[in-house]
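A short write-up of the structure that comes next.
Chain IDs A, B, C and D follow the sequence of writing; residue 1 opens each chain.
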Amino acid sequence: MRCTFEVLVTLKPGLADPQGKAVEASLPAIGFSNVSDVHVGRHVRLDVEAPTEGEARDQVEEIARRLLSNPVIEDFRVLEPAEAEGPA
Amino acid sequence: MTISTPRVGVITFPGSLDDRDALRAVETMGGEGVALWHADHDLRGVDAVVLPGGFSYGDYLRCGAIAGHAPILDDVRSFAERGGPVLGICNGFQILCEAGLLPGALIRNASLRFVCVDVFCRVETSQTPVTSELVAGEVVQIPVKHGEGQYVATAEQLRRIEDEGLVVFRYVEAGGDVSESANPNGSVDNIAGVCNGAGNVVGLMPHPEHAVDPDVGPTGGQPLFASLLTSALAGASA
Amino acid sequence: MSSVEEPRHRRLGLTDDEYERTRTTLGRDPRPAELAMYAAMWSEHCSYKSSKIHLRTLPTEGASVLVGPGQDAGAVDVGDGMAAVFKMESHSHPSAIEPYQGAATGVGGIVRDIVSMGARPVALLDPLMFGPLTDARNRWLLEGVVAGIGGYGNCIGVPTVGGEIRFAEPHTANPTVDVMCVGLADADELVTGASLTPHVGSLMVLYGATTGRDGIGGVSVLASATLGDGSEQARPSVQIGDPFAEKLLIEASLELIARGLLEGLQDLGGAGITCAVSESAARAGMGARLDLDAVPLREPGMEASEILTSESQERMLSIVHPSALEEVRAVCERWGLQIAVIAELVEGGGLTVTHHGEVVAEVPAASLADEAPVYDRPREAPAARPDAVDDPALLPFEGDLLDALRAVVSAPNVASKRWVWRQYDSLVQGQTVAGAGSDAAVVRLPGTMRALALSTDGKGRYGALDPYLGAMHAVAEAARNVAVTGARPLAITNCLNFGDPERPVVMWQFAESIRGLRDACLALETPVTGGNVSFYNESGDSAIWPTPVVGMVGLLEDYRLRVPSGFPQAGLAVYLIGETFPELGGSEFAEAVLGLVDGEPPALDLERERALQALLIEAASADVLSSAHDCGDGGLAIALVESAIEGGHGFAVTIASDLPDHVALFSESASRAVVGVAPEHEAAFVALADSLGVPASRLGETGGPRIVFAGMFETTVSELSAVHESAIPRLLGEAV
Amino acid sequence: MRCTFEVLVTLKPGLADPQGKAVEASLPAIGFSNVSDVHVGRHVRLDVEAPTEGEARDQVEEIARRLLSNPVIEDFRVLEPAEAEGPA
């Protein structure tokens, strides 16, 4: 079966987040002074072909750990899968 | 009135880098460079506006995204609506796209790497303020230096851009042929620069301001600035 | 697992003796925050405690030197009232952990050093060393480091105009990442300890980024000890660079200085606030009251010792008279930077630190900044290797010469580094007459005809065989690279990359290298204006090659007279200047073709070197040279081939020599260059060479698409160019 | 009240996605030949202070539309909020 997964990659807490900071600082100018703690990370969407959803998920975890994230500075989280239709 | 020197404003955003270079190029080519500041609602009566290269706001989030909301963009927008010549170079191009003044968008280079290299650009139309002194088909050599210069647009937008003749420059071989190897960033249809429907707002990834002084680079930027100064003067006396 | 807790001072990196010393200074047990401050300031990285006695022997004076060692950066007079401010620093340790951020923050750090002198940064150069690219981790390190340098340098608008990359097995675990920055300032507006007078009651204003837990222990742990396996816990958290904030910091700082609003300025680097505050106060001959509650924090709940030693990036500390504070605030705010008054200068030399309203430290500022212990560590020359080869030049070579040439042209050390420098913006600021690809980068001084010529050189392979000679060669080659462009070498900065100084062999390598630097700098009249020492580049007991990297600054009186390295046209006479001896020890040929890093490095006669450089400079200013390229790695053959590739014109030469062909082609004898001379200038050029006593042999002529070594072999420029260009991309697994 | 939101910004289908392509191309080398359709986008996490969750969400939608995404080439989607504890 073929499953679609989404992986979120975020900076580890405590590390400087220049992107988040820059976005946060620019929000008041467009009228939002009530926003804080902005952090910018990556979102990766991918399709995996595997015998079971469980196996597919394990593989996604491994891919996220080895390729999608940089474990020295980033964490990741796999969203619940929205199973894709039909055969591969 | 005697013939005046065209006044060309160059906007400095936080993170602009080639702003001084653009001012110097304007002056080298005989114009008067006027420094403008992103947070002012004031174009200081200039005859043309340049949004320079750099990494405004670090190009964090998306390049040009945050600068696209700068106060001075309102003034640039009304200046453009009145037909004033506006040139966005590299980051300036990205900002104009983000602000909706130009069609399409710029994303990371296909190679995912920054690239600094001299390229050849073919002029696709002389009906803009930066190509008025060139003829379509002419090739100019100008450097690029960017990490996010891949021009993209949806299929529908692209059709409109091509149909309406909004492509101003394409990456080509020295001889003028479009090829994959002439394309430094994977831009769709080798597009290096575009204009708005009215033709007075132009954006391009190559840096003409780094191509006016033969001691430090090629000279393909000279006719672009010469055109801009002529257009600015025409606007000023109109 | 050890069950006994190590005492706190040892965990912070202080020895028992050093701990006793803090007790003597204070007359009591240090408080926790004080201990953290001493540990940071007395770390190897900040205090130079192992290197100081050796560094003192370097020549630091010369006619052009405006600022010598001891400030954030050195400075030389480059005419018209302008000063070139320059320094090199390593960020090897952080780069080994996270190559992108490690290299990026390395750029940020050295740029702030230049800015804190009141200079606008105008050029970056990045000498790098990695393990072989056949190893996947080394490829990952190279790609990350290069992307990080570009990612940061490109984003702050400072052109990266040169550098070098060498590959050697011993750098596998410990890549060497050095960055040199050059800035320009009005000579009489340089910000040095002596140029500004802070007042009692003046304020210390921190501006730029907020303070987080980044890099705590960076200097004391990461850069001042060898990390073994399982040392993950000891590692400080990775610092993320914010080049946008740095750009704002540059502009705001230069504006503050231009407006005369400051009484002092210092960057925050190793040891963070502790270092900046104690050094600024000590330099002013005063003390300070520091209030940690005033420091804007990025994270809640930080302890005093954390705030004091955080190495968060993109921060600067200025000294401001209270009457100027509001104007300083306005300038910073215009650039979107927050400011915080964190301390006040007081009479006496005491530094008092409060946190949550309580005193957490009370120490003499100078005891932190100037009174670290100084060590004369034991040195011992290594035992001679029983299997050493005396002289690779004596080994028989029966291979094909053209194949050997291809092997050397495509050897990673010699191959084109275009893959790297294409990723760097070398054009911004609009003054780059010659960037990467030139022997020395040439950067104009705005508003004048003059230009700086900049080169970085390290000779790791020679240093591994003989650290004294290796260091001398680094200086000579850097100067030669500057001289071939026609510029006069003025002064150097350096970054000294070594293993663990507590091992006598490493300390011997260090002392020998310093001796080499000293002798060469004296002879070539290029004093040392500053530098940086990076020790503990080793894992297990395998250290990097002893690699002093030299950053040379030279001056070209008229940039229009710059001599390019490539043959610019056909019909030029090709001369070799200098003499070739049978010297293949430590050569590229020996490594790439014979598989040997062995033998004695080439000799270096500093008098010959001076004469050669004098010829290059005089011939350039007389405008009789069409091209000049030094003979470096790969020798005469490579110098000729590179001149052809760079200029796009072939040549036909005859190498008349008593030496075996392969030795004549690939010997790396020092003090040589290949020059192209137009026929109408030949007589004048030869006369000049004669008058300076430099041998000049006419080898042949330029022209056509072919490369012809008469009686040996021939090929084409395009064939060798393809080999030269494709080698690095191929090793990185890219389609070429 | 203060709510934490997460916004996912994805490229519109059909546009070049150099990052997604690069990830996909490097997967076989680490042993995954069963992955396809990889796309890389952005993930933004932010805290919004507003009288009600509904208002906060409306504001996040507006921020996402005006700043976090470029409507010419990108779509966005706001994840269900994980409500943060306590007062501002």
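We adopt the following convention: contacts are C-beta pairs under 8 Å (C-beta built on N, C-alpha and C of every residue); 3 or more make two chains touch, one makes a residue touch a chain.
None of the values given here were measured: they were computed from a predicted structure.
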Farthest chain (mean CA position) relative to subunit C: D
Selected interface, A-C versus B-C, where C-beta contact pairs are more numerous: B-C
Geometric centre distance via CA averages, subunit B-subunit A, whole Å: 35
Interchain centroid distance [CA atoms averaged], subunit C/subunit D, Å: 41
Sequence positions of subunit C contacting 2 or more other chains: 242-245, 336
Numbers and ranges of subunit B residues touching at least 2 other chains: 57-58, 60-61, 66, 69
Interface hub residues of subunit A, defined as touching at least two other chains: 18, 22-23, 26, 30, 40
Inter-chain touch pairs (all): A-B, A-C, A-D, B-C, B-D
Residues on subunit A engaged by subunit C in the complex (per definition of touch): 11-12, 14-18, 21-22, 25, 70, 72-73
Subunit C-facing residues of subunit B, complex: 14-15, 17-18, 20-21, 24, 53-55, 57-60, 113-117, 143, 145, 147, 207, 209-210, 213, 215-217
Sites on subunit D touched by subunit A in the complex: 4, 6, 8-10, 20, 23-24, 26-27, 30, 32, 34-50, 59, 63, 66-68
Contact footprint of subunit D on subunit B as seen in their complex: 61-62, 65-66, 69, 97-98, 103-105, 107-112, 150, 152-155, 157, 186, 188
Contacting residues of subunit C [partner subunit A, same complex]: 97-98, 101, 209, 212-214, 237-245, 298-299, 312-313, 336
